[in-house]
Every structure is written in structure tokens, then in C-alpha cells.
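Look for subunit A in each of the two complexes below; its partner is subunit B in the first and subunit C in the second.
Moving on, here comes the complex of A and B:
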């Protein structure tokens, strides 16, 4: 493909203007659209790059030019396989770049194509001989939303899309067929009652055990993270206002976000083990960095944490609120700095005022809600080896604490707990237990879901955490890596500036911008809080009717079945994490050498943006989607089995909910490949 | 031992049940088979508990929660003196815990009467430890 590709760049300087004058339109549309060159049989796409998208102004094919009226320019282009295309590009504002996934050869990657204001750039003819959906991306930092400046290019016939739709339906049907054979307590053929005691695994087990029982483990893991977060705060407030040039943005919203999603599946709440946000409060309250204080006197007023707040509502709504401001949050360093600074201070205050436990983590932290919720689908869990031993052992050091470890800071009875929702994996129970009865278990995804789901009577907070996370995963993939820039612009309030502390005033929106933001907020909150939950409720009602069981309230099915979104959601989030990582992996590495974005290269790791095979993304995301879908259907069946205690009824209910899960899967398939 | 403390000791002293229980528990799970053990080492778990109660009282901590913690102090002290980090016997853990807890509960009020400054606590710890050692070993 690369051999066939010939790129010629013709730069026509029409006017000499200072670059600062970025808003001037120096190339008239007439001149741009009037192409004096002969491109043979190539299709000519007249592309306008702007902050932050690409608009197709005109397409010339077979001697005919189709011009799109202002405001109606598409950002999705179609090309026939084997077709030749010349892109004739101008910039409407600042300097932009031009990159096509899978079609930009290495030679051009090294000398990126720049579209400067006042110039017309011609790229091509490019031979599109690989069908599929490809992204056009900006390769030159052009403002805060630069990493999300994309357009879609579909090389027809895009057979992968219909094939993916068919595979999605087939996987769904096969999973339904599998559960129709009444598998007892299994997940896709793997028994759920089996697990591996990781601390007893030969060679690794004893080392891991010694490490986790070492009192300094928590401190040793937190301190490096704390230092990183201090750099995050510093760069957030004082670093370069442009997001992708600032450590706070690229470390938190590319590396951290992606790593946490993957960690949830593989390591449950491992992030909570490492998280430095509550560290100051915890150290101060205990008066120790890592040892167990000899006398159990805490630096805290010790007020009782209100029972009404003992749930996941605040984390869920906090996460949703952050989603409402996400275009600002993930692109403006100062907004990230303010949010994380606020979290650090709030955690400290809560430690000093309330009982010195993890109240902040349990009931406030916006990440806690979703990490805890999805952790129930993780393959890792802290559990007792023998629950009878715990029940017979009256002292309950895991709750009260012992000279070797603190009582569970997460206010649990670790010896008896059977779900990951609120277990922060601090490993205090491994240290405090005098019977060596606590361990780390490796198990199949979904071991606890059936039991948790079946007992979920009034856990609307957890159900809504699931709905918010699930819908937002699909929405983010569509908005951030999709071609519909107007959605991003609504959330962004149309502001083209980055911001640090010195330039925070640039974020002042106009009334019109606020009006747009309200539309965005209504759309996000509407889908997450009403649209999808409403659909889920209707399907729960149909599943009840179809199962023929009338004495179980629809509300219970609605809440119980929602736990199937724990594995489904996390697989979709991991798919989104791959989008972030493959496209933007070079930013965090560069930021290590230039954390404040001042142009330094401290450790020699700074280099130009370079995506890592982004054209492979749909093929990486597809298995994640299919696995998530299959596990969600199987988990629904396991939950239904526990509720109905009757295979026939459980299968009928699963069938209905399976249709909904499949529909969601098809939407995601459309987002990634359609 | 000062005359003042001796007087108070006669007035308030640990309940016999608590002393008996801690004797039995220590004898069963710690002293058994350790004939050559020195007095100081033998009585260390009891001293640990007494010292903790003194400190906890001085800091004004809650009796109910701290005497329970003393049960764990006794257990962990025994585990450490017998070269173990953990016990494989729930019965051992439960009995040592209960003995430590009851003992701590019984000396909590006594210590309040005698005072919690460092020197006095030291004297109380010496006195109670000696008594327990003498009583238990003589049985």
C-alpha cells in the first residue's frame, strides 16, 4: 500500500500574513475551490480544517463538483476501494496537521503535513486499496481539543461493519443457546466456584504474601504516585495551557484513565491501593506513615459518618457531573488541577472531621463508585480462605485491628465479605489477621455477580452507577473519536483556548455557549439517567411478563439485572482505553521530559506525536465488545437463575435482556466500525 | 513498692476470674513445655497489656473498644514470643483474646484509681505481673 502511495504537497502561498493573525481567512473560497491542476481520474475532496474538526466543503468527481452549503458540510468521506483521492486542504483558523490512519507512510510521518492559514495544501493522489473505516486526524497541536480533531474516511465496501454486526448477533445468539442448556454457576463454560489462592501459588505466592503483609507496602506504593500527583497539580495550575502539552492532562486523562480501566478487570481496586488522594488524611489521622500506632488515638474529631451518605450516590453523581464538563476537564490543565486539588483537600477534611476511616473513598470519590462497581467483574478479589474460620474467630482483628494491622479502613468485615464493591484492597486484613485466613484470589469474571444481583433490593445507587458508566463509555467513544464535532463543541462551549491558572479567564463562556452546554448536559444526563435506564426498565418489565412470574416486582428485576452491566461496561471502557492509548501514547512519554510543556527535554523522551497502529483499533475493540456482551448475557442468566430458581423462567428473562444487550452492542459496533 | 500503692492494691485488685483465666490461657498456649523460661519473658504478654491499658487511659480512650484490643495485644505478644506470626488454631486465638480482654477490663478501673503517669504505671505493671506470675506458677 505504501509503495503505491504517492504524496505530493503543493503549497500555494497566496498572501503573506503574520501567523498570529490566525482568524484571517486569507484564501478566498473561490480560489480554493477553483483547482487549476489536472488530477486525472482522481476524486478531489476540498477539506477545511478548523478548530477542532474537518469539514468537506466540496467533492469533485468525474468532472462534477458538488459543493456543500455552509453549516451542512459533512465530516464523513466515502471513497470506493481502489479509488484515487486528492485532498485539497485549507485551514480556517490556526495551523493544523493531516494524518490518515493506515494510509500515512513513514516518510510523511517524519515530516508531517502542516496546513497553515493562508496556504492551500494538496495531498495525493492517495490510492485507497484497503477497505474499512479510517480516521483523519490532526497531527499538529492546534488547541485544547486537538487530540480529538478527527473525521471519518470510509473506503467502500466497508464489509467489516456488516460482518461485525452479524458477528455481534451471532455471539449473542450463541451465548443464549449456551445458557438455554442450563449451565449451573458457570461463566461461558468456566465454573464460578473455583478460584486460585494466589498467596499459595508456588514461588510467587510466598513473595507476594510477604510483600502484601509488609507494613510499608502501602506507603511505598503511594509515595511515587503522590509525587506524580504533585507534578500533576503543579503543571495543571502553572504549566502550558494546551492540554496535550501538559503533564496533568496527558498523564491523568490518557495514561491513568486507560490504566485504571484495564486494572479494574485484572486487579479490581488495585488503583485504590496506590491512590495518594486520601494519604495526607490517613497519615495525619493515624500519626504514622506506615506503622500501626501503638496507642489507638486518632487525629480526628471523629464525628459519625451520616448513614444517608453510606452509599454510592455521591460518587455516581460526581462522576456524571464530571462527564458534563468532560471536554473542559480532559483538555484544560487548570480544570484538572482544580478537580484534583479539590479532591485532595476534601479527603483531608473528611478524615479530620469524621471517623478516621475511608469515608471519602467509600462515599465521595467519583472514581471509587465506578471502580468499586466494576470490580465485582474483576478476576481478582481479597477473600477469606475459610469463612467458617472467620466466623468462629471471635476477636475479629480484621474489623477491630491488631498490633500488626488496622481494622478495615473501608468499614467492612473482610473475613465475611463476598463482593468487591467497597473493598479498597489496602491489605490491612492480610496483616491484622492472626489466623492467616485472608488471601488474594484469582477467579473467573462474574463470580459474585449472581449473588449480588439477586440480593440487590434497593441498591439504586449501584444500578445507576452501572447505567451512567455504560452509556458514557459508548458516548465518549462516539464523541471523542467520532466525526460529529458539533457534539464536542456543545460540551466545549465553543471555546478554542486552553487554560492554566494565568489564563483561566479565557474559559468564560458566552450566553450562547452556555445554551449549547445545556443541550450537551441534557443529552448526557438524559441518556445516562433517563434514556437507557428507562429502556432497561421496559425490558425488565417485558422479561418479567415473558418469564410468567408476576410476584417479583419489575423494580427488583431492573436492579438485579443491572449488575450484568458491570462486566459489559468495563469491557467497553477498556475498548475506549485502547482508543486513547493507541492514538495518544506518545504524549505521556513526551510529557515526562517536559511536564510543564515549556519545551524542555529533560530525559530525552520528547518526540513528535506518533500513533501506534490506530487502524488496528476496530480489531482490538471487537473481541472486547463480544466478550463483554457474552459475559453480560451469561451474568444475566446467572442472576435470573438465583431470582427465579427455575431454568425456564430464567432463560426467558435472559432472552429479553439479551436482546437489549445485543442492541447496545450493535450501537457500539456502529461507533467503532460503521 | 510504695506503701500508698500497696494500700490501693488491697482496695482494688483485678478480679480473680480474670487472673485465673489469663493464667490458664498463658499456661496452655505459652508457658506449657517452657520450664527454663525467665520470669521477665514469661510475664511479658501481661506487661504488654498493662502498659497498653495505662497508655490508653492516659489518652482518655474508650474502655470498651480498647479492652477488646488488649485481647489482640495478648495474642500477638504470645505469637511473637513463640516465634510465630500467625496461629493455626482458632481456639488458641479465641482463648488468648478473651483472657486478655477480661484481664484488661478488670485492671482498667484499678489503674484509674492508682494513676497513669509513667512511673506509677511501671510500678503497677511490675506489681500485677509479679502477682500473676506467682499465683499462676504456684497453681
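Moving on, here comes the complex of A and C:
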């Protein structure tokens, strides 16, 4: 008995006393900085890997060593073409990896270069013969923000950067030249009044029509996503605390985010068709999954939705709030779990309390705001074939519903609507319309923008959605994959731990960290709410002065022209999505086999992290940037033409706004290539 | 509403319930725990702040053939049992390392992380208690 007690006490004591690692030989900073080897003419870069970045602490070149004190490390490493470089690396905290886009393609899987704490790793000499901008990436999971642990390395002469700047200016000049020839109702040469009736296309049309008119289509599309989101919730709360090992993070913030951005361009609000978040409320209120409830009794208190909320303000500010916490949101499973769980519950409550339409989707959901805003730049739209037919047809089944379909849950008049903003593409109108007048249309980007922009009265909510989304796209590319990677640490509040529900306490920040977060929050909110909109207002004012229009207030121009950011923003977001996809494509595929990050391999789709030619990223992003820029300028012209009804004035205004759009394009070009 | 439509509603309900059932996914970890009876023990390595080794205390009977599977969960860890002369080296995230041994001597064996993994790395320890039959 006593013996047992003694052992227990001993063991308890043993656990309280930390044992120093006898095996580990801890290298001193001095030992690391004094390289005993002779590397000949190679340049030696002394790198300190830390959570989450690489600090260049010293550079040795031609026998001369420059040491950079803390806080003075260069953000970008520079190497001459043909130069040889030895990287002498230590870790400041935990084990990291080392990978350079395009130069160490084999440094994954079994040949991974690991930087273990207490060891000095020498990589190289690497022969840099291919000029351009490349990124160092951590190749070994080192904590929650591991996927964003990058540093820039430029192999000079980085000719692509000045070339890209020139191309950007040339493209905007050419677009301006094009609009100077007064193209009526055209977008980059393609007439805007032309569209394709998708349901009348040969072969595909009838099949698509039959599919969309099938009552079960909405349910069939939602259920797989419901399943996925249930796994997201459970893995968010109970899965591996490390983001890139967790289904919730990698499915939502790599696959879903990228897919939604691309879907907006190609399919407008197709995500809203698929979205399971409001489904519980809708099914409960309708008391049907599949059919149309004939009695028309809703499970809902049925309060009237307040008119004040009938705009995009809550979605826009919700999105901005999420942006303020984005380093947490996209790397901590529990934060993602809480946000999506909250959305599920809120959607259900709103369905049960207010009149059972898509009020949550229209006026609360943070994704709705931007999806709706950008979908006006989409090539897809649900429209009536002939508006006159709709207007003359008094029963209006598309609003009131019929035994075949519900009245528009999005509170629209589907027959008459001409903008995508609030059309959730649930395809009820395709089913309820007795005249077969509703269809899907394929059209050029920006068909409706001119009209929407010109008639936008006091739509500050939509304008601000545009500003927030546009600035945040560039900002994310800069802080997550660009030279200013250390800014994201402010937003992260310097916390090195991942978190699920059990370890959520690890996310409590220190006061100093909160101080940094305030800086981050001020920066993001300042740029998105004041900086860029302010610049936009100044340019709107100049464009008003230069075009010599007196009867239209600057405010109106400011609001109207902001709609050009709908296409521009979505193209930049797609560019950002490619940064995520090309580097991290293996995570979502692996997570399908191991949703909780517990080391399972259910379907045998477990992959080692291996980027898919990330060195090609700038070349993939370039056409997206240029296309976005050209469309933004042309859209500005179309809007101006609609407002002024005068080519000369419209062109002058477009020229001024074009300068601003080009400037933004040059900034983005710098982020991706310079 | 015809029978066919009721059927559709029913199928839909089943599908929805199946989707919601995904919430029960964490329970499947128990399936793996069942292996423990055959003295196969999965030790998941988290940083100490997030729980350290899980489980931290392992009871085995003297003479058992023990199979340990150590799995890296958040950052790279190390694993060594000093008293048994076992050192698995580094265990990267998503990787597993396995060691088998016969617990032939009674006593308490401390295992610990051998690679700096967090500020509380030095406290990241666990114990294997070998008990008499």
C-alpha cells in the first residue's frame, strides 16, 4: 500500500519536473552564423524558420557578411541569375520544411528537407538559372498557419515584372482606345444584347430543362452538400486542431472558396442552389422535401421581414468582420465550425420566425452579399424569354406559386427581373411557370451592369460590398502569399496553436497580441471602408469635373462606377483562388479519406503535400488580371454612357476611372510578380 | 398527394437523416480503440498545451507483447521511451511510426517528446505502467 503511494507520488513529481533533452544538441546563434565550410563563390543566406515565416538574418557574399538585426530583415531575397546560393537554416521553434517553387521539385515526400530545432541544415548550393519570382514554402506541417508560411525569392533580372507592368498599362490603354470609338452596348467587342437560350440549345437544352423542371432537383443538389457540411461541422468541433489536417478547413477554405469564386463567373449564384445552410428552415417551413405543399400552411410565425434590413449591409459587414478574423477563420477548425454552425442555426431561426422566404439568404448570409454582387458579372442568368408575355399574364404563378412549384422564395418577380443580385437560382419559377417562359441564359459578362449601375440610387450597401471584396482580394494575396507575410501574424494575434472544441482555450490572446490585432483590423477596415472608397470618390469627382457634367452629383457617379468592381473583383478573387488551389490541392483530396485528421485512409486518397507547378502561378494570374481590368474599364464606359447619354463625356469619365483601375491592376501585378 | 410523392418525401427524409448522421463521425474513433484489447495502442501526439500525448498513461500487463503506433497530429514531434531504449526519431504530421516490444519487466516507463514542439515541450511526457498479471 505504502509502496504504491510512494510510486504514485514519485511519478507525479516526475511529471512536474521538466527533463532537458539530453540528446538534442542545441546550436547557438553564433555557431550558426559562423559557417566553417568554404562554399566558394556561392552566396550564403542565413535563414531562420519560425512560426510562420522565414527571416533572413544574414547574407554572405564575396566574403562579406551583412547581418540584419531583428525587425530589419529584408522581406524579399534577391539572387542574380546564374548565381549559386547556399541556404544555411535553423529553426527558431519547431520542425519546419523547405521548398522553393520550381527549384526543389523533389523536396517533397521522401526527399523532404526538414529543419529540426537544434540542427543546422544546409541546402545547396542551388544554381539559380531561371529568372523570375519564386516562393519559399514550408513543406512540413508546423502549426495552424503552415500553408501560409512563405517568403519571396527573386532571381534577377526579374524581367517578367516590368513586362507585366507594361502589359497592364498597354491593355488598359487599348481598352480605352477601344471605348473611345464609342462601341454601343458592347463588352470587348461582344454585343451585350445577344444571349443564348440555354434550354433551347440542341441536345443539352432538353436534358437540362427536364432536369431543372424535375421537382427533386433542388433537394438532390442540396443533400450531398448537406452531408459535406455536416462533416465540416463535426470535424470543425472534434477533428484535428491543425487546420490543414482537418476536413472543415481544407474543404471550406481551399475547395469551397475557390469553387464559389469560379462558379460565380460561370454560373452566377449556382452555389446558392447547392447551399444546404437554409435547407432545414425551408424544409421545415414547407413541411416538404420534395413536393409542393398544397394546403400552403407554413411552419413559421410569419412575421414581416423588416424593410430596413432589405439590403446588403449585414452581409457586407459580416464579410468584413470575417475578414478581420481571417487568419483564425481559415486555420482554426473550431472557428470555422462555430461560424458555419451559427449560420445553420440562424437560418433556421429566421425561417421559423419571419415569413418563410429566403430572408436569411438575401439579407444576412455573408456569402450571399458578395455572390449576389458579383453574379451580375456572371455569364449565366435566369430570365424570362419574353418579358411582355410575363407582364400580360396576370396569375403570376412565379410569384404566387402553383401546384408545380413555389412562388419565388427570393421575393422576386422572376418574369420581370433583369439582375442577378437576389436571384438564388432555385429554379422554382422554371417549374411554376405555365407558359414555359422562364429559361437559363448564357450571355457576355456585364450585360446588366450598365443598367444596374446607372439606376443605383443610394445603393451604398452594394458599392461597399464591391469595395470590401476588391481590396480584400489584393490584400489577401499580399499578406498570405506575398512579401508582407508578417502582417498576417498581427491578425493571427501571434498564436501558434490550432484549436478544436476541446482546445479552444488556446486561442486566448495576450494584451500585446490584441494590440497587434487592432493594427491589423484598422488596416483592413481602413483600406476597405475608407482608403479605397475615398480614392474612388476622388476619382469620381475628377471624372465629373473632366467630363463637364454638372447635373449629376459626384455621389451618383461614385455609386454607379463602383459596379465596375463586380467583374474586376471576381477576376482577382479567381486569381487568388488559383494561389490556393495550385499549392494546396492535395489537402482537400486527402481530407476526404481522413476527415477528422486522425490518420485514417478511408478511400485511399491520401496524398503527400505536393504543389502543382506553383512557379507558373504569375502566368496563370496574369490573364485573369488583364481580363478583369479590361472588362472593368469597358463596364465603366457602359455605365457612364448609360448615365450621360453622351459619348464624349462618358469617355472622359471612363478615362479617369480607368487610371484608378489600372493603378489597382499595377498593385496586383506587383504583388504577384514584383 | 399521390403515393409516389410520399415515397419521394420519405426517401428524401432518409437521405437528410443520413447526412445529419455524419455528426456521429467522431464515434468511429472507438472502432480503432477496440484494437487496444490486443495491446495495440495508438498514441496521438499533440503539443502539450493541446493535451500532449493521448493517452498519457498506458497500462499493460507484464509479459504482454505491446504494439505502439505513434501518430503526429499538429507539429513534428519525437518519441522515445528511455527505460526501454526505444527512440522512434521524428514523427511528422500525418505520419505514423510503429514499435513493438515485450513488456518483460515490471515498472513505470516514461516516454517523451524528443523534438522541440512548443513552449511546453519539456512537459510533454507520458508513462507506460507495466503491472503484474
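The definition used in the following text is that the second predicted complex is superposed on the first by the 643 of 674 C-alpha atoms of A that agree within 3 Å, B and C clash if a C-alpha of one lies under 4 Å from a C-alpha of the other, contacts with A are read in each partner's own complex, and residues count from 1 in each chain.
The criterion applied here is as follows: a contact is a pair of C-beta atoms (placed from the backbone, for glycine too) under 8 Å apart; a residue touches a chain by one contact, two chains touch by 3 or more.
None of these values were measured; they are calculated from a predicted model.
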| item | value |
| --- | --- |
| Fit or clash - subunit C, subunit B, common subunit A | fit |
| Partner chain(s) touched by A:307 [first = subunit B, second = subunit C, both, neither] | neither |
| First, second, both or neither for A:497, with subunit B first and subunit C second | second |
| First (subunit B), second (subunit C), both or neither touched by A:598 | second |
| Contacts of A:294 with subunit B and subunit C, given as first, second, both or neither | both |
| Between subunit B and subunit C, more extensive residue contact with subunit A | C |
| Which superposed partner A:34 touches (first subunit B, second subunit C, both, neither) | neither |
| Partner chain(s) touched by A:550 [first = subunit B, second = subunit C, both, neither] | neither |
| Contacts of A:392 with subunit B and subunit C, given as first, second, both or neither | first |
| Least C-alpha distance (whole Å) that remains between subunit C and subunit B when both complexes are overlaid | 12 |
| Those residues of subunit A which subunit B touches in one complex and subunit C touches in the other | 294 |
| Touching residues (chain side subunit B, partner subunit A) in the complex | 52, 55-56, 59, 61, 65-66, 68-69, 71-73, 75-77, 79, 85-88, 90, 93-94, 97-98 |
| Residues on subunit C engaged by subunit A in the complex (per definition of touch) | 1, 5, 8-9, 12-13, 15-16, 18-26, 29, 32, 42, 44, 46-47, 49-51, 71, 73-76, 80, 87, 90, 92-94, 96, 108, 110, 112, 114-118, 122-123, 125, 127 |
| Interfacial residue positions of subunit A with respect to subunit B in the complex | 213, 294-297, 389, 392-395, 397, 400-404, 433-436 |
| Contact set on subunit A toward subunit C in their complex | 7, 11, 14-15, 18-21, 23-24, 91, 93-95, 112, 114, 116-118, 140-143, 215-216, 219, 223, 226-227, 230-231, 233-235, 238-242, 245, 283, 288-291, 294, 496-499, 502-503, 506, 590, 595-599 |
